[in-house]
Amino acid sequence: MSILTYIAGWPLLAALALVVVPRNYRVIIRGIAILATAISAGLAIKMFCQFVPGSDGFQFVEQHTWVESLGISYHVGVDGLNVGLILMGAIVGFASTLCAFEIQSREKEFYILLLTMIGGILAAFASLDLFFFYFLHELALVPTFIMIGIWGRGEKKNYATFQITLYLSIGALIALIGLIALYVQSGANSFDIPKIAEQLKANPMSVNAQHYIFPLLLFGFGILVSLWPFHSWAPLGYAVAPSPTSMMHAGVLKKFGLYGLIRIALPLMPQAAHSWMNILAWLCVGNILYVGWVAMRQKDLNLLIGNSSVAHMGFIFLGIASLNLIGVTGAVLIMIAHGFLAALTFALTGYIYRQTGTLQMSELGGLCRKLPFIGTALLMAAMAGCGLPGFANFVGEATVFFGAWSQPSLHVITVIGLWGALVIGGVYMTRAIRTVLHGPLPEKWNTLTDANFWRKLPYALLLASLFVFGIWPRLLTEKINPDVAKIVAVYQPVLAVSAPVNTLQKTAAHKTDSAAGSAANEQLAIVNK
Amino acid sequence: MEDFNNMLASGVVQDVFFYVFAALTLLCGVLVIANPFSRSPVTSAMFLVLAMASLAGLFVLLHAFFLAAVQVLVYAGAVMVLFLFVIMLLDLKEEERRRIKLFGLVAGLLSVGIIVSVFVKSLATLNTDVPPPTLEGDTISLGHLLFTNYTLPFEIVSVLLLVALVGVILLSKKKLE
Amino acid sequence: MNSSLISLEVSVIAIGLVLMLADFFVPAERRRFICYFGIVALGALLLINLSGNGNCDIQGTAFNGAYINDGLAIFFKRFFMIAAILVLFIAAEFADKLAAGAVAEYYSLIVFALAGMLFAASSNDFAMLFVSIELITITFYVLVSFQRSKIASLEAGVKYLILGALSSAFLIFGIALIWGTTGELNFTKLAAVAPQFETSKIFLLGVLLVLVGLGFKIAAFPFQIWAPDVYQGAPTPTTAFLAVGSKAAGFVLLLRVLFTALPTVTMHWEKLLIVISAITILWGNLCALPQRNLKRMLGYSSIAHAGYLLLGVAALNASGQAAILYYLAGYLFTTLAAFLVIAVVLRHLDNTDVSGLAGLSRRSPLLAATMTISMVSLAGIPPLAGFFGKFLLLKSVVEAAKATHGHETAYYWLVAIALTGVVISIYYYFNVVRAIFWSKDTEDLSPIQLSAPAKLTACVCIAGIFWLGLFPNTVLNLAQQAVAVAVQ
Amino acid sequence: MHVGLHHYLLVSIMLFCLGLLGVILRRNLLVIYMSLELMLNAANLALVSFSRFNNKLDGQVLVFFIITVAAAEVAVGLALIVALYRKRQSAHVEDLTSMKL
Amino acid sequence: MKYENLPWLILLLPLISAAVITLFTLRSKMISSLISIGAVVAGFVMTVIFVNANGIHFSGETAVSWLTIGNLQVDLGLKLDALSMMMLFVVTGVGGLIHIYSYGYMHEDESMARFFACLSLFTFSMLGIVLANNFLLMFIAWELVGVSSYLLIGFWFEKPSAGDAAKKAFITNRLGDFGFLFGILMVWGLLGSLNFSVLQAAMVANPLLLGASATVGGLLIFCGAMGKSAQFPLHVWLPDAMEGPTPVSALIHAATMVAAGVYMLCRTLFLFNHDALQFISYIGGFTALLAALMAVQQNDIKRIIAYSTLSQLGYMVMVVGLNGPTPAMFHLTTHAFFKALLFLSAGSVILGMHHEQDIWHMGGLSKKMPITFWTFTIGALALSGIPPFAGFYSKDSILAQCLDQKNYLLFSVAVFVAGLTAFYTFRLFFVVFLGKEKSDHAKHAHESPLVMTAPLIILAIFATIGGFIGIANNYGSQLTPDHETLSFGQQLLEPLKTPIPMCIGILVAVAGIFLAFVLYKNADKDPLPAKLGALATWMRDKFYFDELYEATVIRLHDFIAAVCGFIDRWILEGAIIGFIRGGTNLTGRSLRLLQTGNLQTYAFLFMFGVAVLLYFVLVK
């Protein structure tokens, strides 16, 4: 069996096991959950290291037919697009299981639901079969509903619960229709993505068909990713959800739609994609600017973070909309980076909430004094959130900007994106830090206690991953690049026009190490005389 | 006598009888549902009996003698007796004249009107040049058919009757201990 | 002619009689256990049937083609058997709400209704169609109004009676017109001659009237009006059987009439079918939305599900009919699970409001799980049976949209409406889930004692729901073979 | 002209619709039920006349079934109405609205 | 190129120390501070070794590829040439001294470890800016510098003012960075590379490569400098930044970070066309003037120096704009010496005064803290451009450049500013050190410990001799093509080459000092407001720029945010979604009304259904 099956299988298996464990064996329940997710995280790292960049086709493939009459099969495998996502998902899953310490009542149910969610989404990312791709993602819907319902916070709980559930199912259903239509139109009589791709390569879909399938996928997935103006479920939902849930959701599940767009919509329906991209680009302005401004207005820390994470989706969409190697790679980078980041921030706010019982920023303040570790971590998270170099997010955002800029039609939007990333992001993040962490510490918070080792673990883990990929992005880009290149190859004719006119690539291209030095020297010599 | 036979042969008599029975049936039908003089269910029931009887007459004109008999026995006999029994049992008094909701009436009439019109319209498309009828609905042929081709439905109906029997007992038994 | 084909039906009727007679020999206080005999007997029959022994799965016709035993029939017969067995289990739980003296009759009537359904499954001419439908309907008149002590039950009975009689009057008249114009009662023969009557208005009128009669049974718009009241008033096991058995019987007959008897006619009516299914979906879901009474809500939702099933009819292709069969199979376990919980939990409450489920998750995890899974499956969410069924239905419609010429947009609208319906339904189904897990109403946390059979039933239902959601192969193949023979 | 199939069918159709009207207009359950019987009879008439003019007996067999079934139905129905009347002391449809909306 | 890995070590040591401190030694002040100081001092030593090995006049690069996506190539690359070497000296040298100084200054603050961690982080990122060989790497370091300054300004985060100042600095810098990255994108889009050498080669090969967008691109890149070097209109953050500990003010907001803008301009000068440079120079001149005027009426010892920093930065930017990178870098270096010196002395004064910063509570400190007094004096003289101190030479070269470019307007501005500089510097000098004590803090003031005074002395030495030890040579050799290397003597007498600016410079400086002497010799309150009236208040209130921005930029953003918030809450959430939910619910409730429970209605509906069905199928 493929390692991927194990990565996704352990959590699901653990969920099943927990069903039979009596509910008062709390330690055992936690133990099983943490162990399972730890194993799958470990396996994910192993898989990530063993992954061979740029080898054509998928790796760690496993396939079993499931319903041969419909051409549905359990088919998993990774290439550059999802290898990082699976790694991210597994790590975040582990972290969120650790953060589930904060759940005090009815743990058994909670862990079962959480593990189902984790396993499902990991498998969904690994799946190369349209049907399972959808099927496994939907496993998370009911857990989300129940988790927010039972363990959620605040008085808007019920409203938020139903809103998030309905939005997610609307999006999912629209996407489902898109997928079915794709299956029917492709005529491959198979849900297998590679098969469909081949089939369509041989005889492409009619532009007409593309033009009604693509919007279905775009908006279906878009709703799942809280594309403006379908975003309003996200901040509220994350604000009321218990932090492990919002970690998984904002961190991992949200990436599903984007992954779907890149994996399915872009390569299979090039003409439609190309003509829809301008609309997408303008919608993502809504995410970046509008939602950014909305975030500035928030009084509740979680709502602010939720809005900011919606705003971040805008950059990913921008990257996708640029339809070129740099932009799409950047989009994938942000997807991974934001996964870690969102999980981190929600974990931290969850800790603060458990300590203080509120996230109203007006009531907090000066927490850095009593919670140095949490405070510092939150500071770092905020900085990463407004695109500070050193964190993975910066790499992604910068890449996206370069990608978008090399698409002349997107110049304006790129600039808007810059403004959103650098200024607006900076403003609300620093404001939040100022009110929550800086300033005098109110009397009532003198009793707060900083995280102990076990509590620190998830935060440290997530921060570490942010740093690793932020400082050495080649770990990811080398894997992502070749496969993105395959996808955007379709659009090359389009791009050839817009690619920056540069005669210097040859000189700039092969210069690493001190060879560069000498190269530069000669040029300088020319310069100086 | 002589010319009467001629009339029979030419079918004039049948026609006359048809019109008589048809008129009778419809008239009684009308009186069943809307009787200007009395709204008591009893009168409705009596007119229903008449309607059934005259239908039996039409059956005879259609040479369905056995069915005519069954019609009289089962419907005009058993069923209507049952009705009357129930009416007596419940000694339903005169249905007090409640105000008929005008909207309901109009809409009802409208829909029924539509149905009638559609029926009649489509009736017009029926092809009329059928060979002169020769079929005789006598008991032998009917019974033969019933016990060869239609055995299964016949048996099922027997089960159905059993069910009905049980049901009626269960529903109308004074007290189930 | 091999009348041995009907051995299954005959033995079922025999079981019914035995149950009825058992009344004499069993003391009143033990009578509720009579049904376990019936369950065992039916179970044995089912096993024989599934194992393929006996001659239940011999394909062929009998009684001059009036009776046909093909894939479709076999599929539905197994379906009805399972349904009846589960309903009997529910009835056993519910028995203490029935008059002690009549329990045995209740069970036997269920079995007779089953017999009617079995005949319906393999009826191949209009006479059979008529008598089997009437057998089902008349049995249900009694079953619905069985709780004589409750006004609601009687009232539901009368409503069902009058409207049922009305619909069968239309049905008869329809049959009369069809036979009158074509001179054929047998479906197979009809299929041969029907094309030359396609223009004859009176023939089409007859077909429409037959459809009216069947539409009433499956509670399709505009003949759905009876469903909520009857579902609410009837004793819970009856409601369960009504929701599953009678609806399925309606569908098998619908499939026979539309696709075996009159395929050529049906092909011209895609618009009509599309409209009906669309309105049915919307109507059911919209009305269920503000509903607080659980049984009534399920009544409305059963209308919606009839609408979803009609998607498969409207698709006018084999995959659509296979989807209908699959969906019904899922619907069987899902609905029966829900009614089992209702029968057990809400039996003692005077009203069957959703609030009655408050705190169920603490009172009885098993029942809570059962109800949740059933609701989620009804809402059509993976990995449960309901999802795969809806998936197949939608797929068939999209395929139809691709195949058809001129009606694409109509089909796309149909899909859109179906989606709307699903989303609305998610709202009210999840409301039930909410009531189970957290709610503002006062929760009595007295744990519920479950009898072993009830536990068994719950587990069977859950297993069925998951099985159909996760391992669709077996049933899907069966369904596809079934429609393969039913539709040429 | 000669009396033919049309005339019989016309009669049966009118009878049928009379039944419909009765169901809509009358409020007494028993009378409504009688109207339903009228409709069944209309169907019977249609069948018989068809069978006469198509020279096929099947229609009459069908009528035979219909009459039997109708009888059974009537029996059950009347029993039901009686049971209801015992509870409610009324056979008026307006009094049967405990379940609505 | 020998020891080519040494620069990497120089760059990474501070980062490592920062990491080590945050991860392990936050508990112990001692170890942390030693690690941090060690890192930067080691950096200085290694710089010396490296330069000795390779000489200063060479240029090379060492790079490893960091990110390669299609035609986006970013290297982790170091550009090693005179410019970066000199800056290395400044950063590690002056930085090292300030590190040492802070050990004394901060040693009773309980979160000293955190302080040194941030300091190391800053040093790392500053070195990053200096050594970066491509735009993106420089931008990265640029951002990191911004954040470390944010951390250090907000070091005492419990003080609301500190928090606010940090926030302000960060956001203002972000505004600049926005333009900077925008410009970078533009350049990359047109030239297809980020590497400085490659770009320079390209631009030299074909100066018109940037085409129409040359001016815009240049100005956008200049925006970065505007933010970091606090040029008008983004100058508002620097004075507030004085909320940070004094060493921070000295290191970041005087010596190094604020100079980064100027450095960046010199590094990328080849990109700027004439118009862009014009604009830059005027911005610089205006800033210089504005800041000098503000400085005249400040009463906080640190703020006065801060404003003078502003105005000196204005000088540098102006002269860069006047196509004189050499004078700019020259002045940058000397300024680093004497401004650091002034700040540190001010710091020791503040410490001696127990954190009293208002100059009107000081006075007569010359006896109590002699060393500080003398070092400060040297710094003041250097700043006011009195020969033979370093400031004289660099400032003179600037004035000369102005004349050389025939830009008389800017020349006169520069001269006037020189006068003002001398005036406010010595205003401060007289009020603080001479005259009588104006508070009892002043009476009990005491000299600072050796660990603080030693750096003062070293800096003082450099502030004195900095003008003629070949700094200008080293810059010039790279920056100005026709630069001839001068011997020591030539350097000493360099100003005589351009007598006019020299004489005017000295003249106005002396005049300024004299005026200050007249006004503030043992004055115990400021006589100026009486004389100047409204103008004085305007100067004191910084010409109301903060208020202006408060009223316009911030308000506007908040307003838009409010509008979006409203739309999100009420239109999108409330109206639209509410409408859909309510609408569906209402439809359901109204459809339900047909379910009257009345059998007759049902029968009627049934029949009506049949009628409609028949009608539509058979009639229509």
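Letters A, B, C, D and E name the chains as they come in the text, with residue numbers starting at 1 for each one.
One rule holds in what follows: a residue touches a chain if its C-beta (ideal position, glycine included) is under 8 Å from a C-beta of that chain, and two chains touch if they have at least 3 such contacts.
As the structure is a prediction and not an experimental result, all values here were calculated from the model.
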So which chains count as neighbours of both chain A and chain B? C, E
Going by average Cα coordinates, which chain is farthest removed from chain C? E
Quick check on this structure: which chain has its C-alpha centroid closest to the centroid of all protein C-alpha atoms? A
Among all chains, whose Cα centre is located farthest from the one for chain D? E
Count the C-beta pairs in contact for C-E and for B-C, then report the pair with the higher count. B-C
Centroid from C-alpha atoms only, then distance chain A to chain D, rounded to Å. What do you get? 67
If you average the Cα atoms of chain A and of chain C to get two centres, how far apart are those centres in Å? 44
I'd like to verify one number: the distance from the centre of chain C to the centre of chain D, where each centre is the average of its C-alpha atoms, in whole angstrom. 27
When the centre of a chain is set as the mean of its C-alpha atoms, what distance in Å lies between chain A and chain E? 35
Among the residues of chain A, which are close enough to touch at least two other chains? none
What residues in chain C touch two or more of the other chains? 127, 130-131, 134, 138, 141-142, 145, 148, 158-159, 162, 166, 201, 204-205, 228-229
Taking each residue of chain E in turn, which ones touch at least two of the other chains? 592, 595, 597, 599-600, 603-604, 607-608, 610, 612, 614, 618
Pairwise chain contacts, counting only pairs that touch as defined: A-C, A-E, B-C, B-D, B-E, C-D, C-E, D-E
Can you list the chain B residues touching chain D in their complex? 11, 14-15, 18-19, 22, 25-26, 29-30, 32-34, 41, 44-45, 48, 51-52, 55, 58-59, 62-64, 66-67, 70-71, 74-75, 78-79, 82-83, 86-87, 89-90, 92, 95, 98, 100, 104-105, 108-109, 112, 115-116, 119-120, 123, 126, 128, 130-131, 133-135, 137, 141-142, 145-146, 149-150, 153-154, 157, 160-161, 163-165, 167-168, 171-172
Which positions of chain D touch chain C when the two form their complex? 16, 19, 23, 29, 32-33, 36, 39-40, 42-43, 46-47, 50, 54, 56, 58-59, 61-62, 65-66, 69, 72-73, 76-77, 80-81, 83-84, 87-88, 96, 98-100
Residue ranges of chain D touching chain E (in the complex, touch as defined): 20, 23-24, 27, 32, 93-94, 96-101
Under the touch definition given earlier, write down the residues of chain A that touch chain C in their complex. 66-70, 109, 131, 134-136, 138-139, 141-142, 145-146, 149-150, 158, 161-162, 165-166, 169-170, 173-174, 176-177, 180-181, 183-185, 212
What does chain E use to touch chain C in their complex? 584-585, 587-589, 591-592, 594-595, 597, 599, 602-603, 605-610, 612-614, 616-618
